[in-house]
Structures are given as structure tokens and as C-alpha cells.
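You will see two complexes here that share chain A, one where it goes with chain B and one where it goes with chain C.
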Partner chain A sequence: MYYFGLVIEYLKNYMKTRLTYRADFWVEVISDLLFQATNFIFILVIFMHTNSLGGWNQNEVVFVYGFFMVPFGVFSCFVNMWGFSERYIVKGEMDRILTRPAHNLFQIFLENIDPPALVGSFIGLIIMAISGSNLGLPFEWWTIPVLILFTLSAVAIYTGIYTALTSLSFYSDAPTGILPLMYNIQSYGRYPVTIYNRAIQVLLTWIIPFAFVGIYPAALFLQRDEMKSMALLTPVVGLVFLGIGLMAWNYGVRRYKGAGS
Partner chain B sequence: MSKMLGVAASSPGGSTRRPDSGGNSRKLLLGAYFDFIRIRFLTMLAYRVNYYSGILIYTLNIGVNYFTWKAIYGDGQALGGFTAAQMTTYVAVSWMARAFYFNNLDREISTDIRDGSIAIQFIRPYNYVLVKMMQGLGEGLFRFMLFMIPGMAIAMLLFPVNLPTEPSAWIGFLVMLFFSFLINSQINVITGLLAFFVENNEGMMRMKRVVVDLFSGLIVPISLFPGWMSSVLEVLPFQAITYLPGSVFTGRVQGVGIWNVLGIQVLWFLLLLIPIVWLYHAARKRLFVQGG
Partner chain C sequence: MAAIQVQDLRKTFKVQKNREGLKGAFADLFKREYTEVTAVKDISFTIPEGEICGYIGENGAGKSTTIKMLTGILVPTSGVLSVGGYVPYEEREKFVRNIGVVFGQRSQLWWDIGVIESFQLLRKVYRVSEADYKKRLDELVERLALQELLNRPVRKLSLGQRMRCELVAALLHNPSILFLDEPTIGLDIVVKSEIRDFLKDMNREHGTTILLTTHDLQDIEALCSRVIMLDDGRIIYDGGLEELKQRWGTGREVLFQFGSATKLGQLNHWTDGMPVTWSAENDLNAKAWIPLDLNVSDVLGRVVGQADITDIKIIETNTDDIVRSIYQSGSAEKPEEARAEQDGKEVVHV
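Let's look at the complex of A and B:
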């Protein structure tokens, strides 16, 4: 409850700062959407030249794309670790974080809260609704609860992966350029993984499980039985990777000694 | 070492562009500009470990795109003038070219502007933009030798990439690659300098990154876009970064066409100088430092 109150307070704060730079807010929303749009344009262009991608038609791929946007929006809103190493370790801000009463990771998430990202989630839902009705997908009693469950699991996967990667900056002081590159890779989780070769499938399923934030969970709604069991694994993978991420983080924080400036 | 690098990097033709202050120090200044290349190169070298992961991730990018295109081609007729084999080469070459030309000059410039250190840079007897370009070149040289070449070697081992054999194609490609770097850096400089006018250009920088990746033909070759869109893209500078050099290197454009491609690149290089010069002058008048 205390943590929930903090989220509200920081959101209020965010709104206050943002009202000073109103134009920024919209520029940010638009640039987020444009980032998403690249992949959308890719899908549209592909399906002008073919009518199936590894056995999936355009509406199905677009549906997966819509689903992908939902957890990604939630994740980018609440978990934002861009420039952690420069902002917190190099500048010594981490010392301040550690003196705060809230858990240090949570405190960092709070300070970087980014509500414009949620616009992407809404657009994702709209895309799902449109392509879902094109496909004539049934709307079952479990659709909404499972959608929420899968969204939370996918957010847990993202959080786990990015927290683990960010905690690397406790071990090496070099600014790691891995995060932006990861952003490229995660979008591959929204194409049918079966089109890739074995090595990339294994990588995207078990090592950096971005297939679980896109194609696998979405397959359940699309009634793709071949991926059903993978879809049901999503919450488990979410818990495992969130656990790994938190462990790596906590271990890293214990090793943290301050930049000494 | 420094001398060797200086010579290797002395190819940029325009580097004699007006030093800001007195003509008698011109010779000394040129040397100073080369030092910026060398220093950035050495700085990058200190952080080279980061780029090993970069090589892996770029290889993965090539792999994923390769298999995606393979699934799209299916039974294998040509798409947008690309055969499946050419597309493989195109994907590998484009990503590895990006490994070379990519830099964060926009972010560096806007950071300088926002934290006010630009004021000191303006006082110094050099041209700020030119210095940034030189630093970009130093980074580019590093990326070329320790990122692009090893990455290309790995990509060639893993995927059926067909590179041309005649030396003229290679020389042509290297020249075009250099222009890709120049044009991409110019776009970065413009984006960075815009921070003078909008204060917070974070969103703009992200937008630029997406636009460059998409419109340069890195993600989808421009000839695959619907007609109206590719005709729009053909009058924008972005195609000169990836699509045109990539088309030459995959052998889709040959003979006289190669000179056309080079001509387009040179044209864009010159055209993009205009907004840079204009922004730079407007910015010097407009500069006010917030706090400090």
C-alpha cells in the first residue's frame, strides 16, 4: 500500500513537471509510436509480396503485433532503465537511492516513470480488436483475465531481462551499449518463431525469451494449437526471469561501492 | 601510430573548410582536427569490450532478418528486383554498414547544449561542427576495423553471403560507405543542433533514429515499398545511407548506374551542408546557457 501511494505521488509529480513542457509529451508519444510503426510498416510491406509468413496470415501477424504492444507499453511506463549506468553510477546518484526507504530498484523505477508509453498499450488493444474481429476470433469468458495475466507475465519477462542486463553495470564501469541493441532484438519475438532456425528459436525461447512477450501468448488467443503449451508456460517463464533479474540486481547492489566522486 | 591514422583518415575532401580564426594558424589547426580523430579512436579502443557483444547482436540481427526473408521468399521468385540470394547479401551488407556509420553525434551535441559546455566549445579556436564530425570519423574508423570487419567475417561464415570479387566494386563500395557515414553524421548533427531551438530534443532524436533505419532501406529495401512511398523516399536523403550503396554492392546496380548512385550521395552531402551551416550560425546568435 505504501508502494502504491508512492506510485501515485510520483505520477502527480510527473504530471506537474510535464505541464511545463507540454510539447515534449506529444513528441515523446509520437516518437514511441513511430518506433512501433517501423515494425508495422515492415509487416504491411511483407504481406504485399506474400500472403503467408511461415503459415501465418496478415491478420494473425498483425494481431500478434497488437498484443506485443500491450505489455511493452506497460513495461516502458513503469520500468525504464535507459542510461542507468551514466545517471546513477557514474554520477553517484545511486548513493542517494540507497538512503531512501523504498527498495532501491523500486525507487529507480519510480524516478523514471514514463506514462506516455501507455498510449502504445491502448493502440495495441485497438489493433488486437480490429484484427481479431477480421479473423472472427471468439470472445470467451477467459479472454480478459488471461490477457491481463499474460500482460503481467510479459512485463515480468522484460523487467527480468533488463534488470539483469542493467545490473551488469555494477560489475563493469564501462557504459554498456547492450540495452539499445536488445531493443532491436525484442521485436523479433512478434514474428512466428518457427521461421527461424533452431539456434535462434532456442535463443528467443529460453535464453532471452522474447518469444514469450509476443508470439507464444498471442497464439492462445489465435487458437493456434501448436503453440498452446508454450502459451501456457508464459507466467512460469515470467516468474523465473523476474527472479533471475532481481537476484542479479540485489547481488550487484551488495557489491556496489560508489563511484568515489 | 598517430601519423599513420592521420594519413588513413585524411581522405575527407572537405576538411580544409574555414577554420574559425586567423588564417596563419591554418596548418596547425588541421593537425588539431586529425588529433580529434585519433583521440576518439583511442577512447573507443579503451571500451572495445562493449563491441564484442555488439558483433554478436548484429550477427543475430542479420540472422533473424535472413530467416524472415527466407520465409517470405518461400518458393523463390524475385521481390522488388531482389533475388533471395541478393536479399541475403543486402541484409548482411546493410547491417554491417550500419555497424560502421552509426554514431551518437546527435546525442553528444544535444548533451553539450543542455549542460552548457557548448559555450566553452564555441570560444575555442575551432569549428565545433567540424570537430564533431572528426570525432565521429574517429569512432567510425574504430567501428570499421573492430566491429564491421570481424562482424562481416562472422556473417559470411554463417550465412550464404555473396560478395563481389572484382576490386573496382570494393573500391566503389568503400567510397560509398564513406558517403553513407558522412550523410548519416550530417543528419545526426542537424538533429543535435536542433536542441538549440527546442531545449529538449530527446523525442526528436529517437524519431530520427527510427526514420533513418526505416527510410534508409535497412529494414525493408526501398524497392519493396508501395510505389507512392518509394517515390517519396527517392527524393529524401535517407536512401543514400543504406539502400543505394547496398544496391551497388549486391550487383543490382551496375555500370553507369554506379556513378548515378555516387552522384546522388555527393549531391545530398552538399545539400545537407546548407542546413548545418545555417543552423550553426543561427545557433551562435541564439545561444543562452541555462544555469551552468
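Let's look at the complex of A and C:
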């Protein structure tokens, strides 16, 4: 309850500061959408040349892409760790965070909250609805609750992975270039994993489980029974990776060295 | 009860060695060399509740590192630490509700929003009830005359205005212990003395324990009943400011200006039997060095009646000089004592 109240407060403040720079807000929304649009067009181009991608037709792949956008938007809104090392370690703002009575990682999330990213989630829902109706997918009583559960699980996976990687900044003084690399790998998760070779499948499933933020959970809605058991594993993977991320973080914070005077 | 208790506190940093040149940079890429730097070397002290304690030392002496350990930001390498009944780095979130922190070089406030909105946000973060918050805020705003600033964004405040707001931000939740790291850095004299008065009042009215680091010894003179001096990670002095002055202020100097030529021998003759040392640049100016246990007036009495004096100036050794000479020698022992006792870095408890 306390933390929920804080989210509201920080959102309010975000609005107050950002609405004064309205143009900036819309530029961000539009550039976000353009970025997504280029990916989307890429999918359409692929299907101009082929009818199926590893046994998945265009509407199915588009549906997966739509699902992928939902947790990604939520994640980008609430968990934004770009520039953590720069701002909090090098400039020493972590000092301030650590002298306040709320969990430090949570405070960092709050301070970098980015609501325009949520627009992507809405677009994702629309894409899912359109491609879903093209496919004639049934709308069951469990569709909404499971969608919420899977979205939260996928957000947990993202958060876990990025938190663990960001906590490396506590050990190394120099900012690491590993985050952009991850960003590229995660986009693999929105295509059917079966199109990749075995090694990449294992990587995307168990090591950096980006298949669980796109293809696996989406498969449940697409009634793809071969991936059903994987889909149901999504919440478990979410919890495990979030746990790993938090542990790495809490351990890293103890190594925090401070900056300057 | 002790507000702060520190026993054999130590902090070691591993610092990466950067080898020279391009070749060195490549070598660093594959095999890094580290050096261990001990910033704080097994210090111990206790600060009772309600005390204002000054924490001084040269740049790099380990002041900030100590403060950061006391506020839970850094985890000590070894030693026992208890602040307000908590071990700071273990129960950080519970612990910090009880302390206030002001880092002179860093802001607690949000840059883009009005000051009052920053306070509102902090109220939520610290879970202060609306009633307590209102009462507290009114009191602080009135005391520091901030009424006009409340709706301005922080980025439009002057440093002095910002610093006063920082103090309010750190005190909204009525902490029992307040840590100040160079709170008066870069401020003008008026704001400095305003802040000093304010801190004194807080201490008197609410019994707030205050630990502050500073390079401005006037802060210490105005506020602190006690001073801890740090050099190279060790405490070299812990005690009252007066004792420090007495220990180190070995005497006073009196400058005389004469209307007619007065020889050094003549001066020596007048103060015969007194432990006064005379020196003269020329016949019209002379300096007398008078040890602490001798009254200046006695010396003046001997000279004034006989010489043709146009001006007299008495120079007390001030704290700045004392501290400067301690920093330079790296020990708070009196020079003679330090020589007698080779291990000059012993802690002096007064």
C-alpha cells in the first residue's frame, strides 16, 4: 500500500514536470511508435515472401508481436535502468537513494518512471485484438486474467535480467556495454523459437529466457498445444529470474563505493 | 544513551591502478592491478544524545567515508557500529527514518518541481502524517523564512536558498540524529550564520544530535561542544574546542610600534625576569612573544610607561592557525610532547 501510494505520487510529479514540456512528451511517444512500426513492417515484409515462418502464419506471428509489446511497454514504463551507472554510481546519486526509507531499487524505478512507454502496450493490445479476430481465436473467461498474469510474469523476467545486469555496475567502475546487447537479444523472443537452432533455443529458454516474454505465453492464446507447457511455466520463470535479479542487486548494493567526497 | 557508537571502524577500498600510457591501458585490459586504500583506520568514538559534534580533517582524511558508513550508505570493512540503536547498513530502511542527512554538495530536492512539492513527496516517502507534517513544515518555514520560496522550482533558487530548503527537507520527519556534510560550503556569511543559529535552536529545542563535517572552523566554534579531528583515517584529537586551543595555543604575540627608535636590548631590559621573547624588524617595530601563563597586561605595564608607543596589537593564535599546524604535523600532540614520544599519532582524549 505504501509503495503503491508512492507510485501515484511519483506519477503525479512526473506529470507536473513533463506536462510543462508537452512537445517532448509527444516526441517521445511518436519515436517509440516509429521504432515499433519498423519492427512490425519487417514482419510484414517477411510474409510477403513466405506463407509460414517455422509453421506459424502471418496473423499468428503478428499476434505474438502484439503480445510482446504489452509487457515490454509496462516494463519500459516502470523499470527504466538506462543510465543507472552514469547517474547513480558515477555521479553518486545512490547516496541520496540509500538515505531514504524505501527500498533503493524501487526508488530508482520510481525516479525513472516513463509513462509514454505505456502507449506501446495499448498498441500491442490492439494488434492482438485485430490479429486474434482474423484468426478467429475464442475469447474465454480466463483470457483477461491469464493475459494479466503473463504480462506481469514477463515484466518480472525483464526486470530480473536487467536488474541483475545493472547490478554489475556496483563492481565495475566503467559503465558496461552489455545492456544494449541484451536489448538486441530480447527481440529474438517475439519470433517462434523453433526457427532458431538448438543452441539459441536453449539460450532463449533457460539462460536469458526472452522466449518467455513473447512466443511462449502468446502460444497459449494461439492454442498452440506444443508450447502449452512452456506457456504455463511463464510465471515460474518470472519469479525465479526476478528473485535472481533482486539477490544480485541487494548483494551489489553492499559493494557500493560511493563517489567523490 | 549514546546516539552514535563506533568501535574499531574500518573501511578499505580496492582501487584500480591505471598503468601509464597506451601500453599500460592495454595491460590493464587483461590483468588489472589493485591497490588497497584504507580510508578509515579503526576509529572509535561515542557521541551522546543531544550533542553537536564537529568532525574535521583535511580533504581525503576519511570524514565523508565515516559519515557514509554512519548513514548506512557504505558497509564497513570491519568494526562495530550503532547509530540510534540500529546497525545502519543492516536495517537501512528502518534506520534512515530516524536520521536526517544533508550533503552540501548534493541535493535532496527534485530539480524541476516546486520546493513544496518536493516536501510533499518526502512526506510520503517518510510516512509523516498530514497533521505532523503541517505543524513541522510551518515551524521550519517560519524559522528559516522560506514562505516566498515554497512555490519556486529548485533550479531557480540561489545556493543559500537551496541550502535552507535542504535543511527543511532533512528535518521534516523530525529525525533524532542529523548528519551534515559540509553544510555551509560556498555560502555567504549571512546565510552561514543563519544556518548556524538554526542548527543551534534545533539542538536546544528538539534535542537533535548533530554530527557535522566542515572546513569552516567558524562553524565549529559557533556550534560544537566537541570536535573530532581526523588525519589519514585516524582520530588525532577528540575533545573540546577550548582544550584544543589551550593545548596548542602556546602564547600570544604583541606588536609594538614606537614613535622613536627603541633598541632590542632596551626592551629586553624592561621585561627582565619575565619569559618574554623579543624580536624586532627595525628600531620602530618590535614583537613580543608572551607564553599563556603570563598576563599580557603585566608585560604591557612594564613597557608602556617607558617607551614612546604609537600602536599596540595583540594577536591571539586563532583556531585556523592551530588546526593548520596540526594538519601540517599530522598530530594533535604538542610539538614538544610529540618529539618526546616518537609515536606521534596516539589519540589524545581530553
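We adopt the following convention: the second predicted complex is superposed on the first by the 260 of 261 C-alpha atoms of A that agree within 3 Å, B and C clash if a C-alpha of one lies under 4 Å from a C-alpha of the other, contacts with A are read in each partner's own complex, and residues count from 1 in each chain.
We adopt the following convention: a contact is a pair of C-beta atoms (placed from the backbone, for glycine too) under 8 Å apart; a residue touches a chain by one contact, two chains touch by 3 or more.
This structure is a prediction, so every number in the text was calculated from the model and none was measured.
K.L.:
Taking chain A as the common reference for superposition, should the pair chain B and chain C be classed as clashing or as fitting?
P.N.:
fit
K.L.:
Under the stated touch criterion, which partner chain does A:Tyr10 make contact with: chain B (first), chain C (second), both, or neither?
P.N.:
second
K.L.:
Applying the touch criterion given at the start, work out whether A:Lys228 contacts chain B, chain C, both or neither, answering first, second, both or neither.
P.N.:
neither
K.L.:
Is A:Glu93 touching the first partner chain B, the second partner chain C, both, or neither of them?
P.N.:
Only chain C; A:Glu93 stays clear of chain B.
K.L.:
Can you tell me whether chain B or chain C touches more residues on chain A?
P.N.:
With both complexes superposed on chain A, more residues of chain A are touched by B.
K.L.:
Just the number, please: smallest Cα separation between chain B and chain C in the overlaid arrangement, in Å.
P.N.:
So the smallest C-alpha to C-alpha spacing between these two chains is 5 Å.
K.L.:
Under the contact rule defined above, give the chain A residues that sit at the interface with chain B and also at the interface with chain C.
P.N.:
none
K.L.:
Touching chain A in the complex: which residues of chain C?
P.N.:
Residue list for chain C touching chain A: 13, 16, 59, 64-65, 68, 71-75, 89, 92-94, 96-97, 99, 101, 103, 105-108, 110, 112-113, 117, 120-121, 124-127, 181-182.
K.L.:
Chain A touches which residues of chain B in the complex?
P.N.:
47, 49-51, 53-54, 57-58, 60-61, 63-64, 67-68, 70-74, 79-80, 198-200, 202-204, 206-207, 210-211, 213-214, 219-220, 224-226
K.L.:
Can you check the complex and tell me which residues of chain A touch chain B?
P.N.:
21, 23-24, 27-28, 30-32, 34-35, 37-38, 41-42, 45-46, 48-50, 52-54, 172, 174-178, 181-182, 184-185, 188, 191-192, 195-197, 200, 203
K.L.:
Taking the complex as given, what residues does chain A use to touch chain C?
P.N.:
Interface residues on chain A, with respect to chain C: 2, 5-6, 9-10, 13, 16-17, 20, 92-96, 98-104, 173, 254-258, 260-261.
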